[in-house]
Each structure stands twice: as C-alpha cells, then as structure tokens.
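For clarity, chains are labelled A, B, C and D in written order, and residue numbers in each chain start from 1.
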Amino acid sequence: MKIGFIGLGNMGTPMAQNLIKAGYHLQVYNRTIQKADDLDQASITKCKSPAEAAANVPFVVTMLSEDEILKEAVSGEAGLLHSLQKGGVHISMSTISPETSQLLHGLHQQAGSHYIAAPVFGRPEAAAAKKLFVCTSGGAKAKEMARPILEALGQGIYDFGETPGGANVVKIAGNFMILASLEMMAEAFTLAEKNGLDRAAVANFFGATLFNAPIYQNYGKLIANKQYQPVGFKASLGLKDARLAVKLSQTSQTPMPLAMLAHNRLLTSIAKGDGDKDWVEAFGKGVAEDAGV
Amino acid sequence: MKIGFIGLGNMGTPMAQNLIKAGYHLQVYNRTIQKADDLDQASITKCKSPAEAAANVPFVVTMLSEDEILKEAVSGEAGLLHSLQKGGVHISMSTISPETSQLLHGLHQQAGSHYIAAPVFGRPEAAAAKKLFVCTSGGAKAKEMARPILEALGQGIYDFGETPGGANVVKIAGNFMILASLEMMAEAFTLAEKNGLDRAAVANFFGATLFNAPIYQNYGKLIANKQYQPVGFKASLGLKDARLAVKLSQTSQTPMPLAMLAHNRLLTSIAKGDGDKDWVEAFGKGVAEDAGV
Amino acid sequence: MKIGFIGLGNMGTPMAQNLIKAGYHLQVYNRTIQKADDLDQASITKCKSPAEAAANVPFVVTMLSEDEILKEAVSGEAGLLHSLQKGGVHISMSTISPETSQLLHGLHQQAGSHYIAAPVFGRPEAAAAKKLFVCTSGGAKAKEMARPILEALGQGIYDFGETPGGANVVKIAGNFMILASLEMMAEAFTLAEKNGLDRAAVANFFGATLFNAPIYQNYGKLIANKQYQPVGFKASLGLKDARLAVKLSQTSQTPMPLAMLAHNRLLTSIAKGDGDKDWVEAFGKGVAEDAGV
Amino acid sequence: MKIGFIGLGNMGTPMAQNLIKAGYHLQVYNRTIQKADDLDQASITKCKSPAEAAANVPFVVTMLSEDEILKEAVSGEAGLLHSLQKGGVHISMSTISPETSQLLHGLHQQAGSHYIAAPVFGRPEAAAAKKLFVCTSGGAKAKEMARPILEALGQGIYDFGETPGGANVVKIAGNFMILASLEMMAEAFTLAEKNGLDRAAVANFFGATLFNAPIYQNYGKLIANKQYQPVGFKASLGLKDARLAVKLSQTSQTPMPLAMLAHNRLLTSIAKGDGDKDWVEAFGKGVAEDAGV
C-alpha cells in the first residue's frame, strides 16, 4: 500500500524505515530531500511538495518539528489538504499544541478528509527499534483505519478519545514530566555530591529501587556521571516542549509552577549559549553550577 | 539473641515483628508502652527507658520520628548511651539529619560504642512485608556486625560509606524525589483534566510506559482518582521531611528550587488545616484547587 | 487642531477629555460608540471606523487593550493605515508587545506614515488628573511632532530611543515590577499577620519609611486592609500584562522566575473564578488563603 | 548617664558614637576590643565581658550579628543577665528571630530585668547620620524608659506592641522586601538590557516616577550600572536575613514563594564563592548571568 510520509528528521527517518519494512511504499517529502537517500530507494517515491506526497493515497503521516511548519504543510499553497483524497487520513505524529490539532481537524473536516493526532514517546533509537509508545486522539473510524500503520511504528497504542488534540495534551504532559524528572534528579544528585557522596552510587540506588523506570535509570546515569555527550536531544528543542507546556498551562488556566521552573532552567541554558547541547546538560550542569560544583 | 528496640510507631512495630520472626528477643521501649501489646509477649521484654532497652545487649535499634527525640533517647538522663555495652552498636533507622548522625557518632565514639545510620525506604506495609530498602553508613565493622539484623528487615542493603550521616543524606534526597514526583504528577494530571482528559487514563498510561515504577503507579493512582483516604502518611510528617531537605540544601549550599516548591506545597496544606490528612492530598488537592477544579 | 482618537475605555476616555481641554477636536472611534456620549459633543466627531477617525488628520492616537485588536484597527479592512495622510503620526499608547510595535512601524513606513509607541503608567484617576507618565520610542522627528499631544496627557515624557518597541519594553517591565511588588507586600503583610501583628501598622510603617513611594502606600493600604472593592483593574487584565512579561522573557531569553511567580498568582486567581475581581485581590487574597487566613 | 553597649561592628560603632554625642558614657564590650579605639576614649569604659558592660547601669544596648552570639552574651557564663540591675532594660537592636526575643524576654523576666526589641533599618551611613528607623516591641514601661536612647540613634521610632518579638518580625519582613526588590529590579533591568535598552535609563525612569523611594533609587542605580564595589553589605549576611525569613515562614506557617526565590538567589551566589561580595551583586549578577549577559 502506498502512503504519504512527510518529515525525515531524527525521528521521521527511522519511522519511515519501519513502515517500509512493514511493506508500505512511501511517497516521501522533506524540505531537504537528500535525507531520503538513506531509505530503500525501491520503496519510496521522492516528492517535491506535501501535496505531491499526499496525492492518491489513503494515508499521509507527518513528523514535522513545529506547529507553524506543520500548518504550512497542510494548508499552505502546496499543502497536503489540496491533494489528499476524500476520506483520506492525515496521521499527525509530532509534538504540537492541541490548538493546532483542533485547527487542522477543522480544515480536514471541511475538505472531506480526516485528521488524527498520534504523537509518540521515545528517542530515535526507540523509533528504530519499533519501541515507540503511540498516543492517539480523533475520530474513532479514522483511528481504526490508521491502526496497522501505527502498529508498525511502536510497541503500544494508547487512546485518549475523540477530541482532536487529546493525545497532544498527553504528549505535552509527558514531556513536562520528563523535564521535571531531570530537574529532580539534578537537585538530588547535586545535594548528594555536596554532602560528600558519590553521585553515581546514589543514582544507581534509586534506579534499582524506588525509581526503577527507564527514565530514571537512563537519564539518571547521564546526570550522575555529568556525561552530556553525544547530544541526544538539543536543549533548544527541550525548550520548545517546555514552552508548549507553559502555553497549555496558560490557555487551560492550570497553574504549573514546576513547569515554569523547568522552562526557566532550559531558558537559562540557552541564554548562556548552550542551546545546541543536550537538554540533560541544561539541568545537570545548571543545578551543579548554581551549587558551585 | 537479645537486642534493644526503641520506637514502636507505624514503622517500628512491623519492623519489631520481623525481628521477632527472625528469632531475636527484643528489649522494647516506647513512650506509650501499650504499643508493645501488639507484639508476641514471649519474645519481648518491656522496658521503662532507652537505657534499660540497651542494657546488656550488643545492638540497639532506634526508630524515632524526630531528631530531638532521638538525641534525648541517646544522651538524655535515661539515654541508651549510659547502658550500651562497650563495642555495642546503635542502629539508627529513622529519618534524621546527617548532622544529628554526626553528633551521635561522636558521642558513641567517646563512650566506646558504635553508631551506624540505617534509614529505610518504604511504607508500613513494606515494613510488614520485609520489603524495605535499607541505606547504611558508618564504620565498616559495625555495619558488618549489624548486617543480619538489617537483612531481617528489608529486601536489600545499600551502603554509602563511612561518613556517619551519608545514608541520611540519601534518605533525605529520596524523600525529596518522592515529594517532587507528587507535585509533578499533580500538575500533569490536573493539566490533563483541565484539557478534557480522564486523569486516570493518563496516569495509567504513564505508569505502564515511561514511568513504570511503583511510585508512579501507586501514588499516581491516588492522585489521578483524588483518593486521599485512608491516610498513609500525614502531611505534617511530609513537611518534616521537606524541612530536612531545605535545611540540608542550606547547610550544604545546594540551591534546590524544586525542594522549596514541594516544601511550600506542604506548608500551604498545613496552614490551611490539613496537616493530619495524607501528604498526597497536599499535592493532589493543592494543585487542583489552584486550577479551580 | 483635529486629531484621531481610537479607544474609549477606562483609560481612553479621560485621556480624550484632556485632549479636548487642551483644544483639540477629536475624530473618535470606539467599537461601542455610545462611550463617546460622555465627551463634549462640540469637540468631537463620531466615526464609524478607525479609517474614518484617521482621515485628514496629522495624528491618530490609539488606546486599545489587545495586540490583536490594535493590529486590526491599523491594517484591517477599515484600518487607519488606509486613510492616515502621508507624514501622519500614529501615537500608540496602550500596553502591547514590542513585537507588535515593530510590525506596525514597518507597515507605517511602507505607507509613508509614522509610528511611535507611547505607553503610559497610571490608573484612570491619574489619566483624568493629567498625571500619567508617558514613555516614548520611535523616530525622533515623529516624537518631536507628537510632543504637544503627549504633554496634554501626562506629567512627564520619558524617551527610550528610536527602536519602535523600546517604550513597550519599559511598560512591560514596569507592570512586572508592580505585580512583583504586590506579591512582595502580600507575603510580608501575611507574615506579619500570622505572627500576631497588625497588617495596617506594618504597611504604614513601610510606606512612611523605606518604601515611601505611591505604589507601596496606595496598594499597600489595600492589601493591608484586605480591601479589594471597588475593582480598579481586573485580574484578567493583570494576567494579560503578566503574559506579556512572560512572553518577552521567552523571546529575549531572559529567565525571570519572579515574573513566572506573579503570573501564576494571577492565573490561580482567574482559574478559581476571580478574573473580574481586582488584581490586587489576586495577590492579597491568594497569599493569605495559602497561609490559612 | 552611663549605659552598657555591646557590639562594635559596622552598625554598632556609629551608633555608639551617636550615643556619646548625646552625652552618654558607654561601658563598651566587643570581642575584639580594639574596635573601641575609634570612640572618644573619655566617654567610654572598656569592658572585658558583657557582664562587666551591663554592671551598675540602667540600660544595656546589644548590636550583635547572630542569635547564638546574642544568647551567649545574655545568659552565658559572663552574660549581661548576671549583672544587669533589677529593673534595668536590655535594648536588643540587631536582626534576630522573634523566637530569640521571646526566650530572652523570659530570662530577663525571671531575673527581674526588662527586655525590649528595637531592631533598626538603615546602612552604616544612615546609622552615622542618625537616620535609622527604629522598630520597637516589648513592655510599655521599658520602651518608654528607653525612648531617649533610641531617639539619639534614629529619625523615627515605630512601635509594634508588647509581644517581645513583634519588632523582629517587622525587621525580617522588611529585609525580605528589600531582597525581593533587588530581585525585581535585577529581572526588570536585565529584561530591558536584553531588549536593547539602556539599564540606567530604565532605572532612572522608575526611580523618578512609580518607584521614587530611596531603595529603588539607590539600589536601582547599583544594579543598573552593575556597580558592586565597594561592598556595603556582604551576601553572606544577606543570606542570614533570608534564612530568618524562611525560618519565620516555616514556624508561622506562611508560605512565601518569593522569599524562597530570594533566598536561593543568595545561596547560589554564596555557593559559587561570592559570599564576601555585595549582596546586591548576588541579585544583579545572578540574574544577568542566567540571561547570558
């Protein structure tokens, strides 16, 4: 089956590879189309616009990093909205605001096509290993139709109802929880260090006992060892996520002091020139520097 | 073997029961000695003072809730220091400041006895199930001698070196991490609720995926369901732990904005008259009320 | 001289009255034009659109409450940009983001007209008493031309250079400082109250000594006496200002934890349903309630 | 008249000079008695202990920097309590906790002497210029007796009732307000700078208009110009004041997030090694560095 695929970034590329492995032929579009050279050429058709990628297929997946870029790819001059067939489904998988999902849902509805939000949790390695967690929201029928595609990408699909932006809220809440966890570990391990303890021993203990979840084990090790290379996810992208949380806190009138705190930790890091460094460093180094170590 | 046991609170009682099961005869002391009625009477000797409980035994365990009460039980007029035999070991298991451990270590050293810190993680149910995690610090030989006793109480012993207060730092850091996690979940689930999602669905998702550690599963369920009965741990005791974290942050010059935030959440709850309610409520209800839900 | 005047809200109306007193004839526009009934009818011409208000005059003053409304009044279908004469000056006096000033400056430049930002500090009473402080930024010549108009409105003009949005930054910074001062007084007076002191005595002392500035004397009295009626400025408008500060903090990469704190105090008040109450109440009541009084 | 005077630090010395000018003969005690060499030798008697300084006089003034040092000077082995005559008055003028005032009040009561708290606002220059603001609390008769002494030291006396520690609460609240103001200005001026404005122009504007109180004019200039030399008041002493505010917030159950924020700003500065630098630098430099400027 042919489907459209738009956005070949760090996450999009391994996801496209998994779809190819699952037997799909992809009409791919990316701003710098050279990124498509890494894919099996027999299984893809390179396209010159989102509209071309979405032409004559029942599904188009988008994995674009910014709300504005996604909106342009949907309703811009060469947007997918103009070519996606009636009854076709746009599977929107990147981290965006629920507001944008609501807006795009409306546009699709007018055009006779469908929109579902399907943001994912997991880093590029998880995407490659088909270990993403997929959250969905949108019309029940469209979600049902999209299921085989989503199953080819992740280890589990979790549904959050029919409101278009529901899954985006969960994604933003989850990212906030990760940021909060980084701050929490950075404070705890720095407290330990300043009291004469070995950061790694403390991190190992918590990762093996009370906090034995991958997030604490993996990020905990990086923070404990002050090991911020190689860069897995840039601080500037982390701030984008934090800003989504702050904005959602504002629009839904949910005071979130901890979200503000995590946001400012990232903003500080970026203001100091470390926007291209790993987001974990923003927390690990930020807290340690404030403590003079 | 006979050992002393001081402090029959919510935690101390199941711990004493496990020591009895392991074959120890306990010389118990508690301010209200009626608490000892729940223990197997053939396995205990009721004592009238800490000194009496520590007389003629190689070990005395303390599980008292406050630094000041512990200090009095050690070096007060009828304190255990006066009766504990030369070479005897005081196993100090409650949540106290490392400063107090340092002080008591010094007193024991002068008296020819030993002091080790062995604070535990786990609620009363975990204590009853012998599932506590025990952190230790202090002299290597004393820790080695105390090992069988600690093994009768928990599922694992984690050592943090010879500085007397090391394990107390870990305990305070861990409690801070739990408080921070409560704030984090309360904010995330309230954000979800205010955006039209089901709190429980969101909590279940995170507990099953990224945050699949008991803390997130158990406390997450309580916060998601706004279920704050029965009271497992009082907010006022939670504040005591938060104050230990704030104090340690001050004495070790480790700025901890998240610790301050969690501290103030508890302080607010208590100022409003909810000190006897569950500490989880302080976070869950506190965040929700600020969001008008 | 005839000039245009757009926006007859709580601030705009007394400002229009002062311009009339100074001898200007106003071409007024307001969404609900009945507001113009309070003005001297001989000195005004009621207009049906911003374009009409700006036709054939050398100056047009805007005093509109939101960035989006202002943008529409300038460049919308019936916007002032379409009628303002070449060389005419748009004096933009409300609280908006510097980004919007930059944008409008560009539009005016293309159209051959001028834009200056001239936001003011002062409540409606100060506007009526000609006691506003006016901050200006924009082209030197346009500012010089506008001077007589601004002098008719305030007690002092303070210039902040030629960058279009400079004065808006000062206005946002000043509003932030007021919000921070409200939080500060609320915390201080509540601390005093909870320690058995009389809030008013403490407020009087500080207003008479270290903090003898009108802000501390006037708002201090309201907070001390918990007197939040009548409503001078709504909490929802205060939040608008706080959001401008948060946004400017983000776009200029300036971490401002205190701005975040003040923002959340207002957000909490509004989430609880008090958006139409006085902004001072958000702080005064918010802090007191958290302290259980 | 002879009176005792204990504590010749930066504040105590100019205060002692003013008492001498007012005609008092001082029995002075200071840990390093050489400090007394700066005083008119004919008007003082150097003493070897607090007890000696308080012997045979109706009043003894203390100006010591720490609660513990003051307690020792009162009730220690050579404390003033042992020599102060029946009916004598201890005027306690330094920044201490209300708890300490309560304690000392009790000790004096038992001994048949009186205790009043009389902390002051003002820097050493203000002390020299007799421009201190004096806050008082304690027994009415003792305050009345002490009035001439206090009038010789400041420009105004403000009473806060008979509870011994009342004036200490006001002093702590005021110091908190100053710290909060420093944070507020540092954030506002840094926001201005990062948006291309001149910090000094912004500070001048606010100091001349809305915030025309000495605190904003004087500290505002220092923060605007990033001028942190010479050191007027050390960051480490500022932290002592912030800790008193945090502690009072805890004991009186008054959540004070802004106090926490200011506390951490100072703690960060000190952790980074700047404890001996000016407290204004902790805020000015701290905020600017976080913003990358």
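Criterion: a residue touches a chain if its C-beta (ideal position, glycine included) is under 8 Å from a C-beta of that chain, and two chains touch if they have at least 3 such contacts.
Since we're looking at a predicted model, the values are computed, not measured.
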If we look at chain A and chain D, which chains touch each of them? B, C
Selected interface, B-C versus C-D, where C-beta contact pairs are more numerous: C-D
Could you pull out the chain whose C-alpha mean position is farthest off from that of chain C? B
What is the distance, in whole Å, between the centres of chain C and chain D, each centre taken as the mean of its C-alpha atoms? 38
What's the distance between the Cα centroids of chain B and chain C, rounded to whole Å? 53
For chain A, residues contacting two or more additional chains: 249, 253-257, 261, 268, 271, 290-292
Draw the chains as dots and join the ones that touch; what shape do you get: line, ring, star, complete or other? complete
Residue positions on chain A within touch of chain C in the complex are 243, 246, 249-250, 253-257, 260-261, 263-264, 267-268, 270-271
Under the touch definition given earlier, write down the residues of chain D that touch chain C in their complex. 98, 121, 133, 135, 156, 158, 160-161, 163, 165-166, 169-170, 172-174, 176-178, 180-181, 183-185, 187-192, 194-198, 201-202, 205-206, 208-216, 245, 248-249, 252-259, 261, 287, 290-292
The chain D residues in contact with chain A across the complex are 257, 268, 271-273, 289-292
